[in-house]
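One chain, chain A, links the two complexes that follow: it is found with chain B in the first and with chain C in the second.
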Partner chain A sequence: MNSSALIHAIIDGVLTGSVYALMATGLTLVFGVMDIINLAQGILVILGAYLSYTLSVHFGVDLFVGLIFTIPTLFVVGVVIERLFVARLKGPERTAMSILVTYAISLVIEGILNEVYSINQVQLQAWYVNRSFLIFGIYLPYIYLLGFILAAVLLGSLYFMLYRTRFGASIRASLSDQTAAALVGIDTKRVATICFGIGVAVTAAGGMIYGATNAFNASTSYDLISRLLTIIVLGGMGSLGGALVAGILMVMIGDVVAVVWSPIWSSMSFFVVLVIVLSLRPQGLFGKQSARVA
Partner chain B sequence: MKQTPWWVLAIVVFTLFPLVVTNPFWTTIAIFTLIYMGCATSWNMFSGYSGYVSLGTAIFYGCGAYTMALISIHSHMPGGAEQFLLVPVGGLVSMVIAVPLGAVALRVRRHTFVVITIAFFFVFQLAAINANFTGGPAGLSLQLIGWQGNSYNTPFYYVALAILVFAVVLSALVRRSRFGLQLLAIRDDEDRALGLGVKVKAVKLTGYTLSAFTVGMMGALYAMFLGQIYPQFVFDPVFDVTVALMAFLGGFGTLLGPLVGGLILESSQQWLTATYSNGSLYLILFGALFLVVVLFMPQGIVVKVKDMWMKRSLKASDDSSIPTPATVTGGAK
Partner chain C sequence: MKKYGNLWRSLGVTSVAASTLLMMANSSGAVSKSHALAPIKIGISLSLSGDFSADGVAFDQGYKLWAADVNAHGGLLGHQVQLDVVSDASSPTQVVTNYQKLITNDHVALTFGPFSSLLSLPAAKIDARYGYAMIEGAGGAPSVFQAGLTNLFDVSLPVKDSLLPFAQWISALPAGKRPTTAAYVTTNDAFTEPQIPVAQNIMQKAGIKTAYYSVFPSETTDYTPIADAVAAAKAQVVVLGSVDVPTVSSFMQAFEQAHYTPKVFIATGGPDQGTTFAKAVGIKNADGMMVPNAWYGGATTPGSAAMVAEYVKKYGGTPATISADVAEAYSVGQIAAQAVKATGGFNNAKIVKYLHSGVTLTSVQGPVKFDSLGENNQATAFTFQWQGANFVQINPVSSKASKPVLMPKPAWGK
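Moving on to the complex of A and B:
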């Protein structure tokens, strides 16, 4: 084991982890505001990646320019899913039902993606994917840095919207207490729809970076969604800051284990950390103490 | 006229099935259907009654399958009927594994529990793929069983049926017991149940462990039936969701629900995959059907049909048997 590999692990953790954090933030936002677990988040990331793929291969649009098109598209997809399916769920088993409904949605999308793009793995290509720069004695493709900047900008604007605008205030109100938010005159249904839209829209950016740094096909979504879910649980479900920290932590732990021990166990290490953390702190790192669940 | 109970009819039909239908194509589908019906019933016995949705059922299925494979390989057991003795062993091993898993996972409330079970599931899947004793991604091959022709499936069918009956009886007993009531109380309001003196932790853990038993047995039977197991198929994320879906489709928390859901879903799934090789088209159909069911009959088929039946019979008897307010007041004058 050498120190440059460790430095690499930490840099990769911050750079790649921020992208995971972005995707997980969408998930945790939806859970916090609506009590909905969106299992389709994984396949929507892949959908975002495939949209970027189509734009760049068939229309020659640059990956980052393509986001101008893909982010609004996925926002609309999210709003449609929420209006058509998720909003209909009511009653005490709502959260459990949401898992099933979003899983069904993800199966349909997976089937469609398999039909359209075949099951062969692809990867997004651009000059910054193939070229690297030297940092701390390690060569790193530019896409990692660009992806980090993109994730940071998007997370920054999301946080700005949440903490500095009136609409953000109503989202945070719904996050902390839906009934109370409705009582003070917040249109919680509208907030829920837009939140779902935002939660899905971030997958366009996340998917583009993911697709540029990994080879993917529709079934990659299973690996993705399990990682995203563990991130939001580790961070504390509904906690935005928790998703950020846990996302970076996850990639970093995986990389360090790969260096120190063996790459075989790196993907497992994060799950083990999750189990240890949860046995000490059941609400997750930054979660609120779970209140009465009626 | 006294009606025959549904379960007598069901047992008769299921017992006679392989005598009437001998084509291995259909009996294989039937065996898988029984396996899934049993797993769904067992899943429902904990998750359906307590409201703690587990998406890590495949852990027990896989552990059962590996128990069967490892013991029969290392003890050089000849392939044949003796292997059936290992089926309950598979169930017991799964139960033992369920205890520490449950002890950790059940520390958290429902929504987080779902995710932890998923995390556990991936730990087991990765371990099975990467460890040496499991044979890695290449899996394990069991001894060949010398049974010939169309009768090869028959013993497996009846063992699967026996395990299924066991699962249903266990689920019914739990449902009617004090223990079952405690599980239901946890589903309705855990804090209230705790306040009223239910030992929620012990009850949840017992339920979780019990439900692992049947799933483990079914996993062991699966390994023996196929004679070859691969980590990605015995620890399959789709299995986790399918089992839960069957229970929801039929009726979450009801005794009959997972049976109906499993029967419909697994038989159609097996038939579709055997008939159409196009997997993605099947995914779209399956997902769409699933959406329709969840959105239009969220309580499940069993409850929905019962409701409709009740309404119909109420309507039919409306004019005669039930006295309307008018006739009652009329009579009093």
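Moving on to the complex of A and C:
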């Protein structure tokens, strides 16, 4: 192992981890505001990847330009799912029921994608997907850098919306205490619908980057959702900052261990970290235990 | 009015008579149908979703092609074949449930194997419990045969021998042409791991030094640090133990990003996936990629060309884009059909005994003869290579069907 490989692994971890963080942000936002665990997030990422694939292959639209279409489309998909299925979940078993309902939605979307696109794996192609540039003796892939920039811009926009707008204040109020938010006149149902839409919309960007760096089919969603859930558990359920840190940590720990020690331990090492963190902080790195007790 | 009344009465009588005749005709048809032999069910669990879904679907196509062929020629001993296919989502636990259901609930007459060694072994154990033969086409890992099952028969090439012709070919190259370093990297899978040491031993004896060796877990999704380490080793040959397209495409992508093109790049699984592979990596990048296997679309083995023609007619594409999984599944059906014919029925005990008798059978993959462990010791290993848009056989070099090897591998995207 040389220092160059270690630096490379750290950079890869940060760049790739940020994209995972973006995908997980949608999941944690929805949980924070609605107490809904959206197991369909993984397949929605793949849906985002397939939408980019369709625009790229059949209409010649650049992957990044295509986001102008795919992000609003997935926002609408999210709103429709929330209105038709999630909003109907009531009562104390709401969170548990949401797991079943969103899993069912996930299976339906998976079936449709298999029918439409077949089970064969595809990968998004563009001039910047396989190319890299040399910087300080390290080849940095364009797609990782562009993915990182995209994730940073979207996460920054999300942060701005949450902390610098009136609507963001409504979301934060709902995140903190839904009953109190409703009492002060916030339309928590509307906030929930839009949050779900935003949570799904980010999968368009995450899916595009994921599809450009991995071959995928609808079944890929199972691996994705398990990783996204792991990220939000480590970061703290409902914490946006936690999702960012945990996403980067997850990939970076694995990459560094693969280089320093052995690839065989790369996945396990992250879970060792997860167990240690949860034994010390059961609510995750940035989770608020009191918020979930209510 | 009476005139019309008579007319209506006549029409009524005629209708009743016609209806009676029709009913008689129908009932006689029913009687004759009841004398026809009932269809027989063959139970199969396939990975129609999950990690092995691409292979599972190809297996499904192979089984269906075989069933259509058999039925078009009168069925098995006069019984039309019905395939009872259930999905296991690539799960070793689900495959156990599936075969139990197929045998105890669906009462299938025969069972065919699922995809992969990982699933074939638990499936064969269930079959053994109920006295069924497990004829399969994708469970060739040593761990499968080491289980000591007497009902298991793998019609395909034993996994451990897959890289033999490749390793022998590269070791036999003249000293000036022979690569001097090799990197071996494999996922920890029962299919891939046994292949690598066999190739490494042969190549090391020929003076090809090991520049890198690593095993990575099958759940790995970020291959970049591993691929970067391989690239940093600057090995001239890369032997990748992979089971699917995403793994190979990720390594290829990372190599390109690292501006590293090995002279020779062989992957144990992925490049054999026809269109799926070519679409995922791009046809230009596929150029020069090698894969070991026992069959390809241009194979001249008996029945292969007909199967390929039927496949292309039914599913489209070209012979080069047909997955070897199709032939593996088709071969399972062929071997089962020969055993049924030879034993004169669907008695699984007799079929097991027959398949262990040392008889040599035929399949689109070539001759099949089982040893006491159920391995096909007649299978021949080949190496195939993508050359432009064509997927061609390149060794054994002694084979007339082998084309010259494209070496060094063209640079990525060229």
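Operating definition for what follows: the second predicted complex is superposed on the first by the 288 of 294 C-alpha atoms of A that agree within 3 Å, B and C clash if a C-alpha of one lies under 4 Å from a C-alpha of the other, contacts with A are read in each partner's own complex, and residues count from 1 in each chain.
As a working rule, a contact is a pair of C-beta atoms (placed from the backbone, for glycine too) under 8 Å apart; a residue touches a chain by one contact, two chains touch by 3 or more.
Note that the structure is a prediction, hence the values are computed from the model and not measured.
Enquirer: For the combined arrangement obtained by superposing on chain A, do chain B and chain C clash, or do they fit?
Expert: clash
Enquirer: Report for A:Arg166: first if it touches chain B alone, second if chain C alone, otherwise both or neither.
Expert: A:Arg166: touches no partner chain.
Enquirer: Mind working out whether A:Tyr222 is in touch with chain B, chain C, both or neither, as first, second, both or neither?
Expert: So A:Tyr222 meets both chain B and chain C here.
Enquirer: Go through the superposed model and pick first if A:Thr230 touches only chain B, second if only chain C, both, or neither.
Expert: Touch status of A:Thr230: first partner only.
Enquirer: Which partner chains sit in contact with A:Phe85 here, chain B, chain C, both or neither? Use first/second/both/neither.
Expert: It touches chain B, and chain C stays clear.
Enquirer: Taking the superposition on A as described, I'd like to know which of chain B and chain C A:His58 touches: first, second, both or neither.
Expert: Neither partner.
Enquirer: Touching A:Leu278 in the superposition: chain B (first), chain C (second), both, neither?
Expert: first
Enquirer: Report for A:Thr95: first if it touches chain B alone, second if chain C alone, otherwise both or neither.
Expert: First partner only, chain B.
Enquirer: So which chain C segment collides with chain B once the two are superposed: 61-69, 97-105, 241-249 or 367-375?
Expert: For chain C, the listed stretch overlapping chain B after superposition is 97-105.
Enquirer: Which chain A residues contact chain B in one complex and chain C in the other?
Expert: In chain A, positions 110, 114, 222, 264, 267-268 sit in both the chain B and chain C interfaces.
Enquirer: Sort out for me which residues of chain A touch chain B in the complex.
Expert: 31, 35, 37, 85, 88-89, 91, 93, 95-97, 99-101, 103-108, 110-112, 114-115, 222, 226, 229-230, 232-233, 237, 264-265, 267-268, 271-272, 274-275, 278-279, 282-284, 290, 292-294
Enquirer: Where on chain C is chain A touching in the complex?
Expert: Per the touch definition, chain C meets chain A at residues 48-51, 53-54, 56-57, 90, 188, 214-217, 219-222, 224-226, 228-229, 232, 244-246, 249-250, 253, 256-259, 275-276, 279-282, 285, 412-413.
Enquirer: Along chain A, where are the residues that touch chain C in the complex?
Expert: The touching residues are 2, 4-5, 8-9, 12, 16, 110, 114, 118-123, 125, 129-132, 139, 141, 213-220, 222-223, 227, 251, 254-256, 258-259, 262-264, 266-268.
Enquirer: Hey, which residues of chain B end up touching chain A in the complex?
Expert: Checking each residue of chain B against chain A gives 51, 53, 55, 104, 107-112, 114-116, 118-120, 122-123, 126-127, 130, 189-191, 237, 241, 244-245, 248, 252, 279-288, 290-291, 294-295, 298.
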